[in-house]
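Here chain A shows up in two complexes: once beside chain B, once beside chain C.
Now for the complex of A and B:
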């Protein structure tokens, strides 16, 4: 089982690198989808990153905007499929 | 009558909101052919005014060229006005196939298929050649028509940061197991005027077994030593798998576009691309005009050479005047103003001085990146550029932005 905090940090780093502008302050609980940082198209590539990185398969019906709305929720989703 | 007061109000509210945000687009009526000198009625109903046009995509000055007009007349006389058909029913004339062959030769590709516009070419190509087993990786600043085409396609879509090759490589690694990987770029980015790093893109695509698509709409006819496009500029002729481009800019400026590239890709478009299958063929008069444009460009590089000189002269003049410009080598020279209202005010004042240049601001460009996009043409003579520079200096002085840095302009006018 990977270290959960390390996983959260990895996902946060990816989200910041991919989607944040210089002056965006993004933390584990920043709303990504409802906050407008990640759109539905970007969600597809975020899902792809998680699947490749953690060698898991997330069913499309579980990859909802709600489940992807912050880094903590994303981490919990990944943990379910490990 | 289904058009109720309630429905009408929905639209009126949206239109009001656009207007209140200062984003309402208004057309300016031009009473002359497209050229360096044009006659404009603006606002509607006002007296027609003669101005210098520095915002057309008429890069080679061929939109009103006598030889092109003559060839178009001949096309009209010998092939008629319209075909009243899509290509595959009874809309393909000998000259349509001739233009496809000439574009193939011009771009140095394997085959070409015509579309009613490059917007249609970009709308049709992805769905025709990709499925859900594939991935498209596009630069984040590609043209809206590419974005729309990608959205119509079932392939997975990912993006990389603008011109960031390290980020693209990460994405190519991430999607390594996909059946087909297609990397998508503009050749010259229309808002900033910068060029894609085509040599590096080709190298990465070869390394990761990906196809490369480049939209050459703002480069066909004038970028590269003989005007073939960015692939010629970077010594990559024959190495870009798919090129999409338009006849609506440098290549005569009328309408139409094409997908040119690998033989099988073009054949797939001919079978499956919906804008090709379900939209009318390009009018014979336009085809005849574009054929003549290609003849002119194959005979001499005089026009693209003049454009290069004009663009360098213009960029130097604006730099010496003290404007903040976007760096680049293309005839697109954005004058950065950062504030949307300032861009609109400068555009209005330039018009009063006899120069037609339009302000661009959000959502056409990112917030805080408002600008006047100037576009130089081989149709401009030095006296046009000098007069336009004089107007820019005068207006720049009025707003006290000459010699000021980006931050100083933002401090004065906001972002």
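Now for the complex of A and C:
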């Protein structure tokens, strides 16, 4: 089982690098989907990242805007499928 | 009783002069959309009425503007643009999230007779570049967050003279061609000489995608107001005391025709929420602001359906009086669901960037046929044409091309710098929409699909050509083909088929890399949601990739004639 804090940091770093614009302040609890940082189309690439990085498969019905709305929730979702 | 009253009576007695008279416009008069949406409403005694209720991502971040605020602030924006040397006819791009400056800037641009060119803020630098380059854009209005994308392509845009940053806080030095402008700090301009534009003066340039070639700039004029005013009144059924919410982004035509021009020319209060989607956030927004008229999109409605019925019960949505939808066909299930769960059915509306205003719809007061687009707006001559002869089909329920006689006020006037493509839109005197449908015995249209390869994803058109070209710029991709793939929520999403260059190996990591490459270069909408690696792409003997073979595979359809297939 990977270290949860390390996983959160990895996911946060990926979100910042891939989706944040200049001056966006993103932390573990920043609303990503409802906050407009990651749209529903981009969410597909974020899901794919998690699947590739952690060698898991997240069913589409679990990949909801609510489950992807911040890094903490995403980490919890990944942990379910490890 | 709805605003339109009896549809049949309107058909018999229709003339666009109804709108002209209500707006106090006579042919040959000055007509300026910016003035009609602000100054005229103030002159009608509604200066202190709320025009805009804006809410940011954080719901406590809220601002309100009266029509007099809009009038003065759009004057102020216009005066600033004039001070920079922006003149009538110059193209001015709006490139930002749904912040108040977007709406006010839009009106300010129109007031000086310049041409507003709104672009979706999620566009990547390549998508931004081709549209600014094509338009010869003189100035771009943006926010600090998005200015970096402009800086990346600035060297290739010799016509771009000004990058106006509306939220610069002075923390960092301004970069090349950047100029800070704050509506809060600028001296308010109470009296302003609005440019005396005429009916055919260029107002707006919206970009839309086609099957081949680069995106097309759709040229609209100030006279479009006539259609947008009357359709807002008769189709959206807007009433003076309504609180209206159009969820569309003004980067797309719905966000300007019905997110700015239509409602404000009627003096209606509208709400804007600048945030991403979440069912709870949206329902809370309706409850909090007592939204009475809601204009949204099938993708959003299907996402709300997916979120479940229980969440709806947590909110008081009783303020809702009328609901409408636009962007892609509204499936019957969504209409039935909203009627059952929200208590009102969504009314489908059909139109395009090119038409500028609603063309076919389920009118308020008329019985909805779930799954149908409805009937044509009064004053329009519509038909379903045979795809070979371009003659009207008289038989009911027989598929054909949706077409209109080209004579309504909001029609496009041409494609910017692309008259040749514009001319191809006409056959036998009909404007061909590129969409297919049937008409039933009662005159209701039933959508079938596009007549070309353009992908309609979440109500936005994506050009397969544009994505294929961008894919070829990735170092690993040798060949590419892009088609629509069915999707439960977005109706269609982008799927790419690629062959790889020697030395590159197919992998999940590479797929993710290519997806992100397209997302950043073009936009999240254009990003393939799936990439399939192929050894060979299906081609004709002359080497042309046969997209339709791949499309048929995705949709489980018959492949059809493949006698010209090279590698079968």
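Following the convention adopted for this analysis, the second predicted complex is superposed on the first by the 82 of 82 C-alpha atoms of A that agree within 3 Å, B and C clash if a C-alpha of one lies under 4 Å from a C-alpha of the other, contacts with A are read in each partner's own complex, and residues count from 1 in each chain.
In this section, contacts are C-beta pairs under 8 Å (C-beta built on N, C-alpha and C of every residue); 3 or more make two chains touch, one makes a residue touch a chain.
Bear in mind that the values here come from a model prediction, so they are computed numbers and not experimental data.
Once the two structures are superposed, chain B and chain C can be ranked by residues of chain A touched, with C on top. Once the two complexes are overlaid on the shared chain, A:48 sits against chain B and chain C alike. Residues 41-42, 44-45, 48-49, 52 of chain A contact both chain B in one complex and chain C in the other.
On the side of chain A, the complex with chain B involves touching residues 41-42, 44-45, 48-49, 52.
Taken in their complex, chain B has these residues touching chain A: 151, 156-159, 171, 174-175.
By the touch criterion given at the top, residues 18, 21-24, 31-42, 44-45, 48-49, 51-52, 64-66, 69 of chain A touch chain C in their complex.
The part of chain C that touches chain A in the complex is made up of residues 57, 97, 122, 144-148, 274-281, 299, 303, 306-307, 457-458, 489-490, 493, 508-509, 511-512, 515-516, 519, 524-525, 527, 529.
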